[in-house]
Amino acid sequence: MEFLLHRYRNQTVLLAAILAQLALLAYQVKSDGEVRLIRVWAIGAVTPLARVIEAARSSTVHFFRDYFVLLDVREDNQRLKTDLDHVRMENQFLRSELSTADRARALALFQQQSQSKTIAAHVIGNTTAVSAKVVIIDRGTGSGVQKGMAVITPDGIVGKVTGAYPTASYVLLITDPSFAAGVLSQKHRVHGTLKGQGYGTVLIDYVQSEQKVEPGEWFYTSGDDRIFPKGLPVGEVSVVRPGKAYQQIFVTPSGMRNGLEEVLVVVEGVHGPIPENPPGFQPVHMQDPPPAEADAESSALPGAPSVTQVTPARSGPQATDADKMVDRYRQIGEAERRVYGQSGGGAPNFNINLPPASPVTAAPPASPSRPSPSPSAKRP
Amino acid sequence: MTDPQATFVDPAVLRKKDASKFKAATLIGVPLAAILFQVYVPRFSPFLAYLELPLLVTVYFSLMRRSPVAGVIFGACVGLAQDSLSHNPLGMFGIVKTLVGYFAASMSQRFAVQNSLVRLVLGFFFLFFHQFFYWVLSRGLLGEELTFDLERTLVVAALNAFVTVPLYHILDKLRLVD
Amino acid sequence: MPTVPNHDHLAQENRPDAARRLSQDDTRFALGRIAGFQYLTVAVFLFLLTGFWVLQVRDGETNSQLAERNRIKTVPVLAPRGKILDRDGRVIVDNQAAFSLMLARENLKDEHIDGIAAGLNLDAAEIRARIKRFASRPKYVPVLVKQDLTPADIAFVESHRDADTYPEMELVRNQQRLYPRTGLAAHTIGYVGEVSEPELNSAEFAKYSQGDIVGKAGLERQYNDLLIGIDGQRRVVVDSSGREREVLESTEATPGNSLHLTLDLDLQAVAELALEGKRGAVVALDPRTGEVLSMVSRPAFDPNAFAGHITAEYWKQLTSGNDNPMLNRAIQAQFAPGSTFKPIMALAGLETGTIEDHDTFHCPGGATFFGRYFKCWQKKGHGTVNLHHSIVQSCDVFFYNLGNKLGIDEIARYAEMAGIGKKTGIDLPGEAEGLMPSTKWKLRTQRQKWYAGETISVAIGQGAVTVTPLQLASAIGGVVSGGVWYKPHLVKTAAAAEPRRAEFRPENVASIVSGMYGVVNEGGTGAGARIEGVEFSGKTGSAQRVSNDLRKSGLLDKDQTSDNGWFIGFAPRQNPEIVVAVLLEGGEHGALAAPVARDVIKSYFDKKIRVTQQTTLQPPLALLHPPGR
């Protein structure tokens, strides 16, 4: 046996390595368990490095961008002395610092103005995954980031946190096919659900054909999804096409318009107690529901649900012939200035000609494949 | 190997004298840099996302070390590190890179690994193998219905293959000379 | 496995010396083969491993309990219920697309439930209880958690169903019941809901299973078997982001049958509007067939609120207070019929020969029987009245005397003949019986002798006698049709069931009809219901709900003590086509109920005119003319 192991040392090691990893995979797949520790280590090891590189990169980029702009100026001013150049270089360096500070200030300003509590974070990398649109940011559970939190920029929404580790977090971008969020159009207050498509534009789903959405219109977050606070910009409608059950509305997201370097993570309850949960389980952060819109329609029935009732998402007929019939007879009553069932005025005439407001058309024989269990009535 | 009576000689031993040696720092630093590159750089030029530097580095060290055991361990480590930074279950890249490390080390015993043409072909071959096997694994083990885009894979393999030659040339400088 | 290269190795060792110079090539050859074997070995191993994986991990346990990232899910395709149509094929109850949330139990995690409940404003404990109820069913059957999702709910579900958050959430498109939003015929039609635990244990619902949507009340319940469709299902493979990748198997849903009612939306709409803001009921029947043309009970409720998940707030609103909107007053309100009982009294008197058509009684405004004074509603009295006038003027004293002569058992015999005191057998659940007292009844229920004095109250439809509006419509409709009672029904049937018949002398029936014609057309109590050109006949009624003593005690507010107003009317006078019963709870007097019946009758005859016009002329209106008629 020893001989065999020795002889086939290479294969043995290979098989052992593969078996070990298969076991690891099997554990994750079978138990839905996450090998959180390994990830925490890996991310912990990579984050500081990435953070250093990002810091170096961003300051270099800013420095050079402004420096090259100035080079042109310098060519025009050949006469200027080198010591002046030197001063200018210094100046440039300061200006680069200022530019970074500007951006930081814009972010800080937004943070201040916004009602939500946010923390700023740098995007420090993409993931190695093949197809997903996921980035890594340099803030993690240590800074109060939780799984399920919204990630935004002053320009709009960016994504949501799908994994939070001590020093970094994964952010699923709104362009990822598995991303979705509740949105609301600005002009007509049309509710919809945003879905990532895997490329630049995103789709707004569940908007019925009769609801009005125009190209150029803006969509904002509705707060319905319990991820994003209501009222954040999402993007501008680029295309509206009629679809089968719902319209096809394409929106160009605005959050990543100016690149994706600094983002804000929307936090709430930073000082909340730490729940004791099973290992590997991360509680999903959830926003409060948004306040009800005042435009909810009230029902005709006196005992009907109150205005706080939210209209369900439905498509198809909104009323049956019965409702149309009641409306029609109500109109007849109004035309004859009478209330049915009251004495006085004699019997109403139900055959007066109404202005053709809502003609009630009889329904086609229902379910043609299955004849009704009874023949038509023997009525005059 | 210590038994002089053995008539059967392990090929690894045959070529062991040709194996290159590296500093431990190189063996750790280079793959880490490769992974960082993959995580970080495509943010700014998405085109570079096609570069599979961790794989190329794995292939390089496996080829140069000429030891299947080292290749296996090296490949597994790089793969797992990559996995832990992705959203996938741990082990997918690990298994693929383990195999790549093993085969690369095995092949090194048959080819002149210093030859640029050989490196080009091997780079192409292993990248293709890597992508293909990853696809097989995600289909077979995870049941993910990824599509295998042959043309794209071939192009990506070719791109990486061309990077192989200069990259390996640079890495050659890091070898320890006896 | 390692024997093969070993053998090879031995073979190499035993080679003859002559071949030694070839040993260099030979070694190389052997090395190549050994390498080949190595790869082969690895390949075989991998192959075996893959097989092992597939069997043990991927398809382990049940086929459905798969990896998180590769799941086979069973998605139910919910069958739409049949539509409910009126007699002309117009849609009363329709379906509309809506969304439901189901939880796939295959990968359900208990710690996710709190988050899901919070996101959808549900009670986590309730969801857990619901899941527990499904414990005995196969794992692939998902649990229905919420119906009729709002756009907000959909946004929540869509944005949280990724593999990292709550992958067990399943958005199912289904057909939601769409009821008239005005509450039209709400009690008659009923509503649907998820079958409850106690219901599942009852025989009626035994064949359904947890989570099924069934009719809970009214016609939806009565004809549930007919209306309910057969759900289909799809077995699909979904990927890590929850999207369907492949359909393994698909069974289409079979929609339920449509239900054709005898209700006429024209009459129903008018009756509903006439009772708006009131408490009461209207029943209109075709006495020639027993078909119910309209059935209204007010106040009503919104069945749409029951279609999804009814809010506790709305339920409280429905069940608190005196209005009791869930009660179908047309078949469940049991009240003394008051003077509307008088036609039956008159019939009993004439048929038994107790009185003749021309017999008279004197009404001074009251009379004393068995030492107790009974008032007529007209304080100054009606003077000398015969049968005709007693009906037209609704003279109580005439009927006190008649009742006294007849005795309770003769009254009961004729009243029961007409159907008072027993269910009509209409195709609706929960019909009330009403009550017709008799000596036997009193002995049976109270073990007491019947006192003749009690008969006097019964003679004017007070005392122990109670009816439902439907019962009254059916009873009087049968009497004025000459003693033919068809069973009232709401769904058109192929052949009308054989009616109950009684042999009444036509002249007796004619006398009663004549009296009732006079009520409306000869300045009687129902004069306000007169319709030009229609021989509309009827009888008003006002019935006390509480005893005079209780009323005077001041313990009850006026709303509870005021009399009920009744009206029973029919038209035309000969061979009536329609009979209408109206109950106005607390309506004080039948004269106020009469215009309701008038408007319903009018809409019936106006519609007849329209239909005749349409069959002869080009139709002026596109409505009311269903294709194929």
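Letters A, B and C mark the chains as written, and numbering starts fresh at 1 in each.
Heads up, the rule we're going with is that contacts are C-beta pairs under 8 Å (C-beta built on N, C-alpha and C of every residue); 3 or more make two chains touch, one makes a residue touch a chain.
Computed from a predicted structure; not experimentally measured.
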Of all chains, the one whose CA centroid lies most distant from that of chain C is B
When I count C-beta pairs in contact, which pair ends up with more: A-C or A-B? A-C
Per-chain C-alpha centres versus the global one: which chain is nearest? A
Cα centre of chain B to Cα centre of chain C, whole Å, reads 71
With chain centres defined as C-alpha means, what is the inter-centre distance between chain A and chain B in Å? 39
Give me the residue numbers in chain A that touch at least two other chains, ranges are fine. 10, 14, 18, 22, 29, 162-163
Could you check chain B for residues that touch two or more other chains and list them? 89, 102, 106, 141-142
What parts of chain C, by residue number, touch at least two of the other chains? 38, 42, 53, 57-58, 67, 69, 240
Using the touch definition up top, name the residues of chain B that touch chain A in the complex. 12, 32, 35-36, 38-40, 42-43, 49, 68-69, 72-73, 76, 80-95, 98-99, 102, 106, 134, 141-142, 146
Touching chain B in the complex: which residues of chain A? 9-10, 13-14, 17-18, 21-22, 24-25, 28-29, 35, 38-39, 41-43, 46, 49-50, 53-54, 123-132, 134-136, 162-163, 170, 260
Note: in the complex, chain A contacts chain C through residues 4, 7-8, 10-11, 14-15, 18-19, 22, 26, 29-30, 32, 147-148, 160, 162-163, 172, 177-183, 191-193, 195, 205-206, 222, 224-227, 245, 277-278, 281, 283-284, 286, 289-290, 299-306, 309-323, 325-326, 328-330, 333, 340-344, 346-351, 353, 359-367, 370, 372-380
